[in-house]
Amino acid sequence: MSFQITLAELAERFGLQARGDGASVVHGVATLANAGAGQLAFLANSKYRGQLETSAAAVVVLRDADADAAPNAALIAKDPHAAFAKISALFEPVPSRPAGIHPSASIDATAKISPSAHIGANVVVGANSVVGDGAMIGAGSIIGEDCRVGDGCELVARVTLVTRVTLGKRVRIHPGAVLGAAGFGLAMEAGKWLNVPQLGGVKVGDDCEIGANTTIDRGALEDTVLEDDVRLDNLVQIAHNVRIGAHSAMAAQVGVAGSTRIGRYCMFGGQVGIAGHLTICDQVIVLGKSMVGGDIDQPGEYSSGMPATDSRSWRKIVARLRQIDSMSRLLRAATKPDPTKDSE
Amino acid sequence: MSFQITLAELAERFGLQARGDGASVVHGVATLANAGAGQLAFLANSKYRGQLETSAAAVVVLRDADADAAPNAALIAKDPHAAFAKISALFEPVPSRPAGIHPSASIDATAKISPSAHIGANVVVGANSVVGDGAMIGAGSIIGEDCRVGDGCELVARVTLVTRVTLGKRVRIHPGAVLGAAGFGLAMEAGKWLNVPQLGGVKVGDDCEIGANTTIDRGALEDTVLEDDVRLDNLVQIAHNVRIGAHSAMAAQVGVAGSTRIGRYCMFGGQVGIAGHLTICDQVIVLGKSMVGGDIDQPGEYSSGMPATDSRSWRKIVARLRQIDSMSRLLRAATKPDPTKDSE
Amino acid sequence: MSFQITLAELAERFGLQARGDGASVVHGVATLANAGAGQLAFLANSKYRGQLETSAAAVVVLRDADADAAPNAALIAKDPHAAFAKISALFEPVPSRPAGIHPSASIDATAKISPSAHIGANVVVGANSVVGDGAMIGAGSIIGEDCRVGDGCELVARVTLVTRVTLGKRVRIHPGAVLGAAGFGLAMEAGKWLNVPQLGGVKVGDDCEIGANTTIDRGALEDTVLEDDVRLDNLVQIAHNVRIGAHSAMAAQVGVAGSTRIGRYCMFGGQVGIAGHLTICDQVIVLGKSMVGGDIDQPGEYSSGMPATDSRSWRKIVARLRQIDSMSRLLRAATKPDPTKDSE
């Protein structure tokens, strides 16, 4: 029998106000459109209030202003999405990850593993590394030398911490992520590339999340740093010596070049590229596919993504854009009172 | 001794028309330029017909219209590229993947593995997962809880299916791909990010192919879906709740944000970015590096990629583009019969 | 006790000129700003010469022209960055990687492993593959069939060589990289995709470096080739049959489509996209996020990346850009002596 809970219990546990029969039983969550008997859904945006009419959800989490339209019982929340997130966590299947070390794991004699940690199949832990209380190191993960995994961290599976990586508490890292690889440190000498040793590490604050196949290089001389509660999606690239402020978030395929410093509460859309050695202040939002080529010192929203149009029109636009400088000169000449004064 | 076959046998096996000595032996395939004695090549585009003159290929697969120019024997095909693909498969080395479970694999007691499946070294299969007949699970792959791998699937090596991933038949997945990770589901509460549990799964249709290091997140409440015969190249990102229609293909480094629905027979060039919550109809082609920022409801070709030019010219273009609004106003003022009527 | 060396020994070992007390001991390296007693720093750019005043570095590597400003001892170098790279390598911790095969590794009976190679935990080596002298194959790496790993190569950890991959000497590959996967070779037949077998391999020259989670597909009929000393950063995609000339470098998230040939000493910024079947000559620099859509036959710097601006201004620019063709026509009509002659 799966988990179930009553409306009254939900209201009490999450400090919400219940409307309707407190004995109603909830045994799952779903979208408004798909929720059926015994299922709880949510309405975050009053714009979609019309969906309440046709929903069969047993309980809907919503704002007070929308509560009269709930089809059955309701839970009133100031932030229905956040309340729903917390309620739906009750229904998340939790895979069994017992404390202890799988017999196929290879643990260096100098590593320290908390007895309450779970070490999965084929995990490798190198010299002088530490795994904290309640940490879950999923199958196939590799932890190199001199790493520290804080209490309650979850390396879902097949995560690599190369060397000198320190994770705070409750950090979650998805499969394929690589932290602490030697970044792109090159010097050209006599026509050949010379590697610049990367002697720093990676420092990740508490409550960070790092997406699948994301890469975070270790610092050259100092550390690459993610402050607390930074959230990176999949396939993100963070180069050496970057610093990302607390609570900032980056969508998939964002790339940040070396030594750039990013403020707190920033948000970056998918495929944004950020040049190296920049400073970006707090509360900056950059929309998807934009290129950040200079410092940003004012909070606000920035962009340079060009929306696609039919290729025939686009080709014409590109051709004209190549002429924009001569267009501008022609226009200035035509609109100046005396073109002989145009001295550009 | 490697595989060999005669011209007559090839013609019969693939339903093609042979020209020349049916007893000619083919023991390999190559490009027109490099093919030597005993090798078969193809000509798909009559534009390159001139290459036939200098080719030493023993057999060329080509269209009827080009057959007279074949240097030696020929096989006539309506679609020479497709015919060549099928013929060359005869010469592909097939690594030995015997049925059975490698002794280093870790299989949960509740998992069901077909006796005809191959389970490679260090593979991990979690609770309640199923591997179908003839499936090949390459070394280092990790299959989490509640996954189903259909008959004839091939996980080349080091593939991760996190949880609730269902693969149809004959799905091929390349190394490093991660399916079913928890996507980027976040709500901000009291200045901190809150994870929104990702309770859905990933559903992949028959005959799909998924490239190396590509990531496909599981759905939040419902499933992320790839219909039959979808082809994804390397380093592609598919966010939660995306649906991709049958026979659509995406080149490398494409990113699709959450909940977008893509039609059938669509094609996306490399590095295309597609925003979230969009609907894209069937038979849409988007050229490389474009950004799709809105719904597309007409089949056809779309683009917004800007071709590189010398940096000096490009800097001038960018500077002028920043002035385009004032250019436009100036132009309108100058060309209106009575500029006092310009009320913008 | 960690490694230490005197100023005089450094000068002799690296052929540099010392200024100051030759008996000064150096036991580590740091940035100018952070270096303390016993630490060596460098100044590559005279622009930052002011930092010398406040630096506590025991030794600074710098140009002759800046030597008078060194706070303590100095080492004079023509190229301080390169000299520093070589000196700092002395202080890089070297993890223990003893020769021999870890008991958890799975080595095919037909593979040949040099007795001086290190084979880490859970490594898999397939049929007919060869690992050269002094090579280090890190934990979790998978080497498929018919691969050759040259002398002195380092596969840091969890690297996959799928099949027919040949590495020269001293190649370093970072975790998660996948070489030799079947590229995106597709033909459409009767409304379904058909795989074109990928029969070639990957050939990597001496001294190449390949970043974390980078993917290099094997060739279709011939090989995908990296010449000597090519440097690829993380999350780069190299499609089948691409050829990259010696000493060229690509920053993170660059993508190169199939069959493109790139010259020697080229450099590509992050997120650059390069279309297929192109030829790019030697000594081409392409700045970050640009799209290369055609051949380049002149050395020099190219770009098409658009720097982000505030979203309100950007939306206006995009709207006006859509009108650029009519702007151009209007301008030409207004500035032509006789507009009736405008025949476009």
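Order as written gives the chain letters A, B and C; numbering starts at 1 within each chain.
Going forward, a residue touches a chain if its C-beta (ideal position, glycine included) is under 8 Å from a C-beta of that chain, and two chains touch if they have at least 3 such contacts.
On a predicted model such as this, the values are computed, not experimentally measured, just so you know.
The chains in contact with subunit B as well as with subunit C are A. Where subunit A touches subunit B, under half of the residue numbers in use are shared by the two copies, so each contributes mostly different positions. Note on chain placement: the centre of subunit A and the centre of subunit B lie 25 Å apart, centres being C-alpha means.
Chain contacts: subunit A has residues 104, 122, 140, 158, 176, 213, 235, 253, 271, 306-307, 309, 321, 324, 327, 331, 334 touching two or more partner chains.
Taken together, the subunit A residues at the contact with subunit C in this complex read 104, 106, 122, 124, 126-127, 140, 142, 144-146, 158, 160, 162-163, 176, 178, 181-189, 191-197, 199, 213, 215, 217, 221-222, 235, 237, 239, 253, 255, 257, 271, 273, 275, 286-287, 290-294, 300-304, 306-307, 309, 313, 316-317, 320-321, 323-324, 327, 330-331, 333-334.
Within the complex, the subunit C residues that touch subunit A are 29-31, 34, 79, 81-82, 84-86, 88-89, 91-93, 95-96, 102, 104, 120-122, 138-140, 156-158, 172, 174-176, 207, 209, 211-213, 229, 231, 233-235, 247, 249, 251-253, 270-271, 288-289, 305-311, 314-315, 318, 321-322, 324-325, 327-328, 331, 334-335.
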